[in-house]
Amino acid sequence: MNKEIVYEMKNLSAWFGKNQVLKNVSLKIYRNKITAIMGPSGCGKTTLLRCFNRLNDYTESFRVEGDIFFNGQNIYQMDPVQLRRRVGMVFQRPNPFPMSIFDNVAYGPRIHGLAKKRGLSERVEKALKAAALWDEVHGELRKSAYKLSGGQQQRLCIARAVAVEPEVILLDEPTSALDPIATERIEKLLEDLSSRYTIVIVTHSIGQALRISDYLGFMYKGELVEFGETSQVSEDPRHELTQLFLTGRIG
Amino acid sequence: MKRTILSVILLLALGFLLMADTLVIKGSNTVLPIAQRWVEAFKKYYPDLAVTLEGAGSSTGIKALFNGTADLANSSRFLKSSEVEKMHAEGKYFTPIVIAYDGIAVIVNKSLPINDISRETLKKIYTGKITTWNQIDPSLPKKRITIYSRNTASGTFETWENKVLDKERMAPWVQMLESTQAEVEAIKRNPYAIGYVGYGYVTEDVKVLKVEGVAPSMKTILSGEYSISRPLFVFVDLSRFGNTWPETNVVAKFIKFIVSPEGQKLVEDAGYVPAYPTTSSE
Amino acid sequence: MADRIASSLLKLLTYIVFVISTAVILFPVFKGIRYFNPTFFTEFPSQGMTQGGIFPAIVGSLLLMSLVAVFSVPVGVLIGVFLSEYAKPTWLSALLRTTITTMTSIPSIVYGLFGLAFFCITMGFGTSLLSASFTLSIMTVPFVGGSVSNFLMAVSNDLREAAMAIGADKRETVFMVIRAAKTGILSSTLLGLGRAFGETAPILVTGAVFYATNLPRRLTDPIMTLPTHIYAVVTNFPEDAYWMAYGSAALMVIIIVAIYSIVQWIRRRSS
């Protein structure tokens, strides 16, 4: 089994103002695996996810200690724009750009100068196919992205992230705003994508975490209480809090 | 943004190339209706000339003459002594040309049974010594007089101050109005009101009183029989032309036109009393 | 019961206000529209404003508004973008924001006095199209800037993060936010120009004449405009010239109503 490390987080602590939101978190993310981080709301899992692409940095009061290595390189010594080009992100609420479906997907390749005109439509098609949206929208790529349904918009956001061909895709509770059918489609899609991308997903749904992940972490009050292979964590959690969460007694 | 600035500069540059003969006239609002007619008619003789006409009062016009932003100043009064001193101090030479007479008509509501009034009585009304109509004549209603005046910035007010008030203070309850039209309207609606307006502004809606037995008319105003009247002036600064009459300059041509029978006919059209004949005597 | 009374009173009040405001809008239109004819729009005023039309005032207002748009829209939008996207939340930016809000409520004649002192006299532009358009621009910039920054700040942070997350730099992110707020920005500028269009006092002291024989040929020429023309006619001419003021007022109301309708249409279409 190939266990190449993509991300390594070492003793990461983070604060918003005086409020400590992450406490000494260490973990590893493996290539082409789905890593799920679960935990009750307010446990710091979203903040943790946003450390991977330094998206917390623009918040004035945010402060961080510890190290994160991306392919062995310290991300705090990288240009965040370059980092984010290689690490895509999908958010809790679908947030397409105020432009056409095509332009949404083409946005990343365009700003990074990844493809000229002809290559661009191929890229967009490929990304939309990868996000399992192509069949539904290929006739109306010029239509505003806002005209799509919630589930379609979220898949569009995935296509948008995929279009720059990142190494990692970060997903922050991507299905919490969607209905069960749309949720199922996205979960299926993530499994397909994991053959080519490293995926980190934050979720508060235990079911989702168990269904799709290879590695599973449990966070509680800013600490990474448990982290390991999903089968191990679900069957034999080392920590009592994990057990309580998995059985629905906290959360 | 850069392009915007550039095009503004270009426009400015282009503008200076297209400079044509211009004539800037500023001053008295009273003279405005006359001056508009002059400018319009004068333009027919000099199609290439561009004229602008601005109101804002006699003092503003004279000030503009001082700082050179106007070629001609319309004024409903003569220079104040302070202006004369300043003129000498700055070596300017303002020449007055009387271009019309403006009789100030005393007006009341049509229903009021009064036809004649003396200047003495008017002064008493405006300074507050008389407050009800029956104090003037017992046969008049025992009602409080509503007194209207033009605001102090107007030339009409200045004439009123000189000819009627003898520099005494107006009673504080006199209502100051912005425009002659407002005054006519107010008096039309109020049966116990009195006011004064330029002779040219009198309408059918109000009654004009005789003053000292003389009704204002072209004849009585020009002859001086009617006492509350004033000359209207155009001032021109001859120091700009080396203190001589600038025979060939457009300013001189304009003045020649406004005192001509044609120009004076326009004074009459505007409702004022011409200072010179309106028909040419061969 | 008390609720029912209160709500019907409020309803009644709303209707009354509606009727009054409609009347205010319609009165000048009804009173003035009968003077609309080709001559009214294409000729200079004549014979003590009793004949002719308001052509130079229409042209003057159009020129003035075009210049105000050229000067104030780019600056206003830049200020709005700066306030919303770049200014850090310090006391200085708070002061700037307060200043801008205050500036929008300063009476326009104060801008007129400033324009008279600065543009007409100090800069030597005189009573001119240029002075008037600078003065109105200075008045319009804070309005447009404040309003644009409000529209930009109303754009959800989700969008900024979406752009950043895909590797957009600051400039690209800001452009995305502008794109999302473009109808708001467009209506801000239209409303700003609409406000400037109706202003009388500042133009009166910086750029307007009551009568000109020619259209302005240079930026330093004075102009006639619709609002100042109404003012000139009403305050200085006898009643037989009043029709021209009513006609001009009707035209102004129609233009203003048109601008607001366009703004409403843009907003409705985008939502």
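Going in written order, the chains are labelled A, B and C, and every chain counts its residues from 1.
The rule is short, and it goes like this: a residue touches a chain if its C-beta (ideal position, glycine included) is under 8 Å from a C-beta of that chain, and two chains touch if they have at least 3 such contacts.
Note that the structure is predicted; figures quoted are calculated from it, not measured.
J.: Whose C-alpha centre lies nearest the centre of all protein C-alpha atoms?
T.: Given all protein C-alpha atoms shown, the central chain works out to be C.
J.: State the pair with the higher C-beta contact count; candidates are A-C and B-C.
T.: Counting C-beta pairs in contact for A-C and B-C gives the edge to B-C.
J.: As a quick test, compute the distance in whole Å between the mean CA positions of subunit A and subunit B.
T.: Those two chain centres are 81 Å apart.
J.: Give, as an integer number of Å, the spacing between the C-alpha centres of subunit C and subunit A.
T.: 47
J.: Based only on mean CA positions, could you tell me how far subunit B sits from subunit C in angstrom?
T.: Comparing mean C-alpha positions, subunit C is 34 Å from subunit B.
J.: What are the residue numbers in subunit B that touch two or more other chains?
T.: none
J.: Inside the complex, what are the residues of subunit A that reach subunit C?
T.: Against subunit C, the touching part of subunit A is residues 53, 55, 58, 60, 81-85, 88-89, 91, 93, 95-99, 107-108, 111-112, 157, 160-161, 164, 170.
J.: Please name which positions on subunit C make contact with subunit A in the complex.
T.: Those residues of subunit C that touch subunit A are 88-89, 156, 158-159, 161-169, 172, 176, 179-180, 182.
J.: In the complex of these two chains, what residues of subunit C are touching subunit B?
T.: Subunit C reaches subunit B through residues 44-49, 70-71, 74, 126-127, 130, 208-214, 217-222, 232, 234-239, 241-242.
J.: Within the complex, which stretch of subunit B touches subunit C?
T.: Residues in contact with subunit C: 1, 4, 8, 11-12, 14-16, 18-20, 29, 32-37, 39-40, 43, 49-55, 69, 178-181, 184, 200-201, 203, 269-271.
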